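Multiple structures follow.
Presented sequentially are two complexes of chain A, the first with chain B as partner and the second with chain C.
Our next item is the complex of A and B:
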């Protein structure tokens, strides 16, 4: 496969994890500008596991996911009591705190004569497990795609078991959800844990593809984009945030003629779509229509 | 004895929205709660359902104190309500709006799915029956936000009934309804009561209140000023003076006619 295409598709896949993470919280009624923090946590934790500790790749991925989920739940435990702007600010603050901490986080060991591990603002290089295992870019793309598919299947399963509908109830009207017997706080923390885990997995995959990560990559703009993907793609289905990523990374970033104007075009697109379709392109009304049409 | 409010008070700063109200609503009756705007009717409902914490006093159901319980456990103990300004999950379908989470003492663990979500619960009303009862069966897969006003009102009551309540609190269910709709509503309320559900009805439409309630209480400035059968209340001079006033006399006559 063409290396450029492989790299674009891999990027689409990786950003999709981040977009799905922010989308899960949007469904639960919260806007988080801080999902990049879990992406970073997943990247660093899995990188340390495979490069410094020499753990297998799969276990490193699992660690990144678990840590993302655990810290997501921990942050949500107080933050879920906030709502709207306050929640957004809290997540933003946590993400910046994470980035600032990574800027001073040093944990290096001598591996084969090289100091390996996070080196503060200088970043974390030589996360080489995938390279050393001889995994080709195309194969790695397949790994990303498979894990992304797994996450989407899990969300789809959750929808089949009406778990998603319950989360949507919490997101739409927490008071009414409480009246329908739903334990709102638990659901909010659960959604944050799931979102943290998905972002952590994406971050872990990112670190092993890039082999080098640094705190500056996990800036606020990354988190803002993650929210925007769900908002433009649509809140009606998990395919929505993927569509958002496809539009931004797939179309705007990759069409080189557009690359210079990417932020302008993307910003304008977000504004137009939010005016025309406040809940995104694939919103609940459209998804419901398609579903009832498909049933016939 | 069923739903009991004892010396219930809710103060917002210096405002006594509900002031030392005691009520006993008997099992299987339709009990009306009336009063002018701002007399504390909705606040009372919010206290019963746990939306507000009372300043003083208790709410109990069959002798069980509900006062300190969170909303979701009041639901599982059989308290359900509708809202004055319709509250639905607009981006969920009509059928999805009727789902109720089972937890608390009613949790049934033998069925894995029922722990998560089961329409109406194991012993709750059948979701299709409920939709038919509310004349919404054909709309079951429509988003609730796309319903007409009247359909939304019906869905709201169905949503409340989905949790198989023992007490149903209706906060102005006839607001914005025509007289004809109100008659259909009265029929539905009676049908609900005949299923064994106790009803607390807050309503401004006197024709409806006087026509279907067994007993009613009148609130004014947060205090209970009268309680009795519809005919008692209509004859009560204090009620006439405080709530119904001179302008409302005509309406009362019409209702009692």
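Our next item is the complex of A and C:
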């Protein structure tokens, strides 16, 4: 495959993890400006595991995912009592706290004569497992796509088992959901853990593709983009956030000649979409319509 | 001990500008119940228009200030029309995402118009520095403090002693009740948006003129400082916004002095996170802010 196309598709895949992570919380009725924190945690943890400790790739990925989920739940435990703006700013505060801490986090070991490991604001170089194992970019893209598909299948399964319906109830009206016997707080913490895990997995994959990560990559801008993807694509289905990523990254590539004006075009487009469809292109109404049409 | 007092003094000077930003955020949130995250970038457009007037016609501070107000006002009206007036009232999420999209637009537009990394901005008129008992207050800081104080006085007068202020407070209390009382909600919301833009523009102007140069990153910076100060103080309270701004300024100055620049960020965001968990109503102890309604 064309190397350029491979890298574009890989980027779309990696951003999709972040967008799905923010989308899961949106379904649960919360906005998080801080999912980039778990992306960063996944990237750093798996990078340390494979590059410094010499763990196998799959175990490093699992560590990134588990740490993302665990810390996600830990942050949500006090934060889920908040709502609306408070929750959004609390997640933002945690994400910036993570970024600022990574700026001073140093953990370097001598690996084959090179100092390897996170070096504060200078970033974390030489996460080389994928290259040393001789995995081609095309194969790595296949790994990303498979894992992304796995996440989507899990969400689809959750929808089949009415898990998503309960989460949507919590998101729509927590008080009413509580009166129906739904443990609102548990659902919110669970959603945050799942979202953290998805973001952590994406971050782990990102670190091994890029081989270099630095704290500045995980800024607020990244997190706000992730939320925007879900809102543009639509809150009705898990395909929504993916559509959002596709529109953004796809537009970036197709408007290469207009690259300097990309944000002006993209911003205007998003503003118009949101005026016409406040809950995104694939919103709940459209999804329900399509479902009932497909059943006929 | 002297250091501690000196840092507090410096912090209050910086914090007064943060307080203005937080008050701008609070005004918009109060009447809209929606977050305008493009507030900082709209001020950024203003100061860049000011800088353009300065570079183009070598205009002084007064002309640059006027241009700043006009720029911030125009950008805010653009945001209000597209992200708030055009989107249904109950779709607060869409408004926020839309204001973010316009933020991206404004930031790129400004970066295209001013390709340099920094742009020169006219500086404040030189005022003598003040030194009392080993404490030092720069002339610039004094001017910032005085201007911020003046704006606060005018705002207080406007909000608590004018008919428009009454309408604004009524709308902030309850949109339904305000509408029943024959208040033109859309007009009041629009004018409040403009008022917030002007307050923000004063803060932007003071910061830009103190530094003497500006970058397109100002938008993100101003949005973050304003949001943090507003949340520490207590969402929805004007007094809280003022207190939050000052506390943020003082904490930043102390952390910078005793712990260094890298630790300053950790301290500020750690404080914000803790504050939200332990004291969701902020320093002002706001109970019902309407924030528990879905954003």
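Assume the second predicted complex is superposed on the first by the 292 of 296 C-alpha atoms of A that agree within 3 Å, B and C clash if a C-alpha of one lies under 4 Å from a C-alpha of the other, contacts with A are read in each partner's own complex, and residues count from 1 in each chain.
Following the convention adopted for this analysis, contacts are C-beta pairs under 8 Å (C-beta built on N, C-alpha and C of every residue); 3 or more make two chains touch, one makes a residue touch a chain.
A quick note: this is a predicted structure, and the numbers were derived from the prediction, not measured.
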| item | value |
| --- | --- |
| Which of chain B and chain C A:146 touches, first, second, both or neither | neither |
| Contacts of A:89 with chain B and chain C, given as first, second, both or neither | second |
| Partner chain(s) touched by A:78 [first = chain B, second = chain C, both, neither] | second |
| Which of chain B and chain C A:224 touches, first, second, both or neither | second |
| Of chain C and chain B, partner touching more chain A residues | C |
| Contacts of A:232 with chain B and chain C, given as first, second, both or neither | second |
| Which of chain B and chain C A:179 touches, first, second, both or neither | first |
| Partner chain in contact with A:279 - chain B first, chain C second, else both or neither | both |
| First, second, both or neither for A:292, with chain B first and chain C second | first |
| Common interface residues of chain A - those touching chain B in one complex and chain C in the other | 279 |
| Residues of chain A defined as touching chain C within the complex | 26, 29, 31, 78-79, 82-86, 88-90, 92-94, 96-97, 100-101, 103-104, 120-121, 220-221, 224, 227-228, 231-232, 260-264, 266-271, 274-275, 278-279 |
| Touch list for chain B against partner chain A, complex | 49, 51, 70-72, 75-76, 80-81, 87-93, 96, 99-104, 113, 116-117, 141-143, 146, 159, 162-163 |
| Interfacial residue positions of chain C with respect to chain A in the complex | 29, 35, 37, 82-83, 86-88, 91, 93-98, 100-105, 107-109, 112, 220, 224, 227-228, 231, 235, 262-263, 265-266, 269-270, 272-273, 276-277, 280, 291-295 |
| In the complex, chain A residues that touch chain B | 161-163, 165-166, 168-169, 172-173, 175-176, 178-184, 235, 279, 284-285, 288, 291-292, 295 |
